[in-house]
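Scrolling down, you'll hit the structures one after another.
Two complexes, one shared chain (chain A), two partners (chain B, chain C).
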Partner chain A sequence: MIQTLANWILSFDILSGMGYPIAWGLSLFIVAALIFVFVALNALVLVYIERKVSAFMQVRLGPMRVGKFGLLQTVADALKLLQKEDIIPEKADKALFTIGPWTILVASVATFAAIPFSDTLLAADMNIGLFYVVSISSIVVLGIVMAGWASNNKWSLYGAMRSAAQIISYEIPVGITLISVVAVVGSLNLQTIIQAQGGAGNLFHWIPIPVPNWFIFHSPFLFMATFVYLIGGTAEINRTPFDIPESESELVAGFMTEFSGLRWALFFLSEYANATLVAFILTIIFLGGWQSPFVNYSSAQIALSIFSVIAVIWTVFVRMKSGRLSIYPLGLSILAAISAWLFPGFAVWLASPGIFWILAKVAGIIFLLMWFRWTFPRLRVDQLMYISWKVVLPLAILNLMGVAIWMWLTGEIQF
Partner chain B sequence: MSRLHAEEMILNMGPQHPSTHGVLRLKLTTDGEIVSKIEPVIGYLHRSFEKHAENLQYQMVTPFTGRCDYLAAMGSEHGYAMAVEKMLDIELPERVEYLRVIFAELQRIASHLVAVGAFGLDVGAITPFIYCFRERELILDLFEMASGARLLYNYIWIGGLAHDIPPGFVEKTYEFLDAFDKRVAEYNQILTGNKIFIERTADIGVLPPEVAINYGVTGPCLRGSGVDLDIRKVQPYSIYDRFEFEVPLGEGAQGTVGDCWDRYYVRVREMEESAKIVRQALDQLPSDGDVQAALPKRIRPPKGEVYFRSENPRGELGYYIVSDGKNVPARMRMRSPAFCNLGVINEIGQGWMISDVIAILGSLDIVLGEIDR
Partner chain C sequence: MSYFSNISNAVSTLIDGMKVTMGYFVRPRENVTLQYPDEVWPIPERNIGVGELDSYNTIRSKLHVNMDDCIGCKACERACPVDCIHIDTYRAAPDQDLGVTSNGTKIKLLTANFIIDMSECMFCDLCTPPCPEDCIEMTPDYQFIGNDNLNTDVTPEERWRDRDHLIYQFSKVPEEERQRLKAEAEEAAKAKALAMAAKKAAAEKAAEKTAPPSGEAAKEVASETSTEATTEPESIVRMEDIQFATPDQEKITSDAAEEKPAAPEESSDTAAKDTPMADEQTEKPDPEAETGTESSRDKDSNNG
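And now, the complex of A and B:
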């Protein structure tokens, strides 16, 4: 994208005099700024959505006062945080205390450089994209340990140590899970991985149910791997039920205890950036990235119709019984199905890959993460380790071996 | 192979900490995550209730009792009123007795709702807490209807009640009870049966019955260890002998008898039993009668002393009152259940992790207002 942008800048007569290196540097700066704006806006929106989702699950209204439906609440909160006094504790290690939050932010923003938003929209098309994403995103733990150690607070230290132990444990199963997909595609390039998931086929190669060629439906092993990654990813971004580094009821606020104002806001920003990142990786690796779930427009029409029939049955027979009838999902699905039949253009748009699909899938996964957070209690630190080393890791290795055998069985590879 | 030498670290948990349920300070001696010694430091909320009581007339003490266990003010007032009535030898009208039982049991539900919700919060589940407070709000609305206050009521007076219940109260209480039965199933769905919750609470902080008895632990904590002691049953006061209810005991359904899960689940089931009592009391409630008929004009108990115990949501709440014939008590002593329950934490919390200590403390369900008095 940087080269394209540089060439585009040079195509103007007035600007063509600056030469390619300057245009390239300028484009680099613009792209980096765009990514940062995306991360910041994303956090702003997600904080609002998280509050509304938690309110929805807890029979509350959530923010309602600032702006219509409290839409400006997070903006107001961000402004408040920026105004706050900058406090560095006297006994803190000042250098580390200052660098810590920025390290986390830089790591999480830098990771977005390799994330493809559509077939053309990505900052850097690297042939080692997946490797880059995994390695850069794990720098986050360095920042957390820096912040926790520099605070010179026992609670922060506990939080930092827990976080280090947790992320190191879960990097391994996550890495192995991602390798099992790399084994199928034969490439670390994220675009290649998404392109390999185009079209449709049978569920698990043999079961005659038409599904998109996403890797979650590739084999039972990759199906399991999806959930292994979901668990590992949730643990890596320190969200409930794995939020032990900042476990509010135990460690006050863990590694963030001594931080306030802008530095605390940076932690918050990167927390949501990381959550989005995990959702993006899960989408790209297992759920087809920017690929549409429909192969062509007629399959979009048929699939939506089937979906709305299921929604009607579910609403009438399941929701009516519990007495809590919500017509919005039902209405939306019927509306989508009818418009797909009435306007073929809509169905064609639905069936074409693009930024809408990747964002929709990411939104779904983020909602799932929020759902986890507002439902589950928190695990204890040793239980977390137990799950990582004795359950998730063996499962990940099993998946890797299983995928290899599966590919040999289905004839995808020959020896 | 010799053990790696690790230094112990003293960790101050509280008095400002999200999970110490008030201003309790725990001095933890920690070896990594393992806690080897717990030393509770109390007194941050000391308001010298007992000394105050020696300078106040008997009827003026009632509001102070509510401020001790502020989550169960009706229960504290009930206990105090009955203690003084025992000294004065007052016969109460039937309607007063029934209304007192209704309020005390509603208060027990409200108090246990806080305990259950806050326990969920302690192990990291936020949503059940909000669910519990949703129901507690309904009970507080009922209390507000009757007494005008939502937390500290001064409603149960010596020899009667401050007001009769307003019209519509009985219907609203029935409505609440009908809704509440369904809501308990909700708590069980989101918390009781949750795998992570069970992992975090079952087999944790096991309180053996002998230890519980030695430390004077009472209430749901004692019954969670399987000891069948409920003063409402073994020494029925007021009119508790007229109602049918069970005393839930810890059975070790998810682990060992007397673990955190048992203490939690005893509270959940006690809420259901209390709802049953309220329903029966509402059914039998006499429709007429002046609630202030037996109100004494002048409270001067004869010389002597009395110890009266009642079953508060947290355990055995005892009032020891010495009278020298004046209109102020010569000595007032309150046996607060949470104080005795907290004493056991070093015994059962040693060797567990920091997270477990939080869970154990939450399962003991302390109220600092009552511990420090």
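And now, the complex of A and C:
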């Protein structure tokens, strides 16, 4: 993408005199700025959506006062955080205290360099993309430990130690789960992994239900591996069932206790960047990335029709049973099905791969993470370790071996 | 096997919980949150009063005075149990016409001050029935917040103990006129006091002339009055003794309690006598303990 952008810049008559290296550097800067803007805006939107989702799940309204439906609430919050006093505790390790939040932010933003948004839209097409993402996102724990240690506060240090223990524990099942997918594809390149998921086939190779060739439907083992990665990813980004590093009721705010203003905003930014990153990885590895769920436009039409019929039946059933159900999803699905039949161009667009599909899938995963957060209670430290070492890790190893056997059974590889 | 049953149990309960939250998320239902400045709870239309007290049916909140009907009789000021109404009236000038109330009563007094301190009001509604002109009433308006009477001289840090925005002045007399009236009244009172003092002095002089007392007798009278003056507060002093000398009294009573059980053993052999004595001894320190707690409460309140 950087080379394309540099060539595009040089194609203008006025700018062609700067030479390729300068154009390359300029496009590098532009891409980096675009990624950072994406991360910042993403956090701004996700904070609002998270507050609204939590409010609706708890029969509240959420932010309503700033702007229409409180749409400008996060903007106001961000402006407030930027204005706040820059406080460094007297007994804190000032250097580490200053570097810590920036380390976390850099680690979480740098990971987006390897994330493919579509078949052409990605910053760096690396042949070790998956390895890069996993290793760079592990630097976050370094920043957390730095912040917790530098604060010179017992809550902060507890939070940092818990975070280190948790992330190190969950890196292992997550890594093994990712290896099981790499074993299927034979490549660490994220684009190759997505391209291997094109087309459609039978569910679990033998069950005659037509599904896209995503790895979640590849085999029962990769189906389980999806949920293993979901659990491990949730733990790695410190979200609620696994939020012991910043558990409000026990550790004040964990490693963030002493931070305020801009530095705290950086923590918040990187937290949502990490959540988005986990959703992206899950989408890319198991849910086909930017691949469309429909193979061609006629399958899009048929699938949407079936979906809207199911929605009608479900809505009628639930309304008869409980009397109250929103009809907007129903109307939206019927509208989509009708327009897919009336306008073939819409159906073709739906069936073609692109940035819409990866963002839609990521939005779904993030909603799932929010759903988790506002439903599940927090785990105890020993329960967390129990789940990691005794439940998730054996399952991940089982998946890795099972996938190998499955590929031998289905004839994908021969010995 | 409990290992796998634990895992399946965990998964099924998690799915149950997710069903509950998704049910709340999807189904639109009656909203619980009240967007306060835009929406307020409706005031219930209930009738507390019966028969003649039918006017007693509003929610008792902010007081309002219709100054066109006020005759300055101070009936509400007298009725107020917490003295939150302050009224100053002055006699109208002979050529001044203050108008007529809606009941047809002629207003004879100029009400220069009609202050209601709503921070002291306890909303008892005792001030409205005595009003002969029905001009003071409790309104259903319960929202006291606003900038109307806000004291802008006070810094926001001191605002929490600033009650000026809760003090309502109902009189329509302008501030200058009010101060002029006050000064005039003070001057008149001073003149009156001077005149009274002069009168008194003249009367005393006249009395001295009629019966001139000897110097010693006068001194005796003075000493007697002084002793009387000192003896008068004796009761107060006694009260103070009771209040402040409780620790000593407790000591005395405890000493007595220690001594007393020894006496019955010597005097009486029956064990039956011991129990009532013991009861009395246990009961005795109670009043002192009560006073002690009261004094401690006073201290607490002082500290607070």
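As a working rule, the second predicted complex is superposed on the first by the 413 of 415 C-alpha atoms of A that agree within 3 Å, B and C clash if a C-alpha of one lies under 4 Å from a C-alpha of the other, contacts with A are read in each partner's own complex, and residues count from 1 in each chain.
Please note the rule applied: a residue touches a chain if its C-beta (ideal position, glycine included) is under 8 Å from a C-beta of that chain, and two chains touch if they have at least 3 such contacts.
In this text, all values refer to a predicted model and were calculated from it rather than measured experimentally.
After overlaying the two complexes on the shared chain, residue contacts for A:F29 are found with neither chain B nor chain C. Using the contact criterion defined above for the overlaid structures, shared-chain residue A:L61 touches chain C, although it does not reach chain B. In the overlay built on the shared chain, the residue A:F343 is in contact with neither chain B nor chain C. Set against each other, chain B and chain C differ in how many residues of chain A they touch, and the higher count belongs to B.
In the superposed model, A:V381 lies in contact with chain B only, and not with chain C. Contact with neither chain B nor chain C is seen for A:W8 once the two complexes are overlaid on the shared chain. Looking at the shared chain after the overlay, A:E250 reaches chain B, while chain C stays out of its contact range. With both structures placed on the common chain, the touch criterion links A:W314 to neither chain B nor chain C. Contact with neither chain B nor chain C is seen for A:W408 once the two complexes are overlaid on the shared chain. Residues 57-60, 374-376 of chain A touch chain B in one complex and chain C in the other.
By the touch criterion stated above, chain C contacts chain A in their complex at residues 3, 7, 14, 17-18, 20-22, 24-29, 31-33, 35. Across the complex, chain B is touched by residues 54, 57-60, 154, 158, 240-241, 243-244, 247-252, 374-383 of chain A.
Here chain B touches chain A in the complex through residues 9, 11, 17-19, 33, 120-127, 130-131, 134, 190-191, 194, 196-197, 199-200, 353-356, 358, going by the rule given at the top.
Across the complex, chain C is touched by residues 53, 56-61, 64, 322, 324-326, 371-372, 374-376, 390-391 of chain A.
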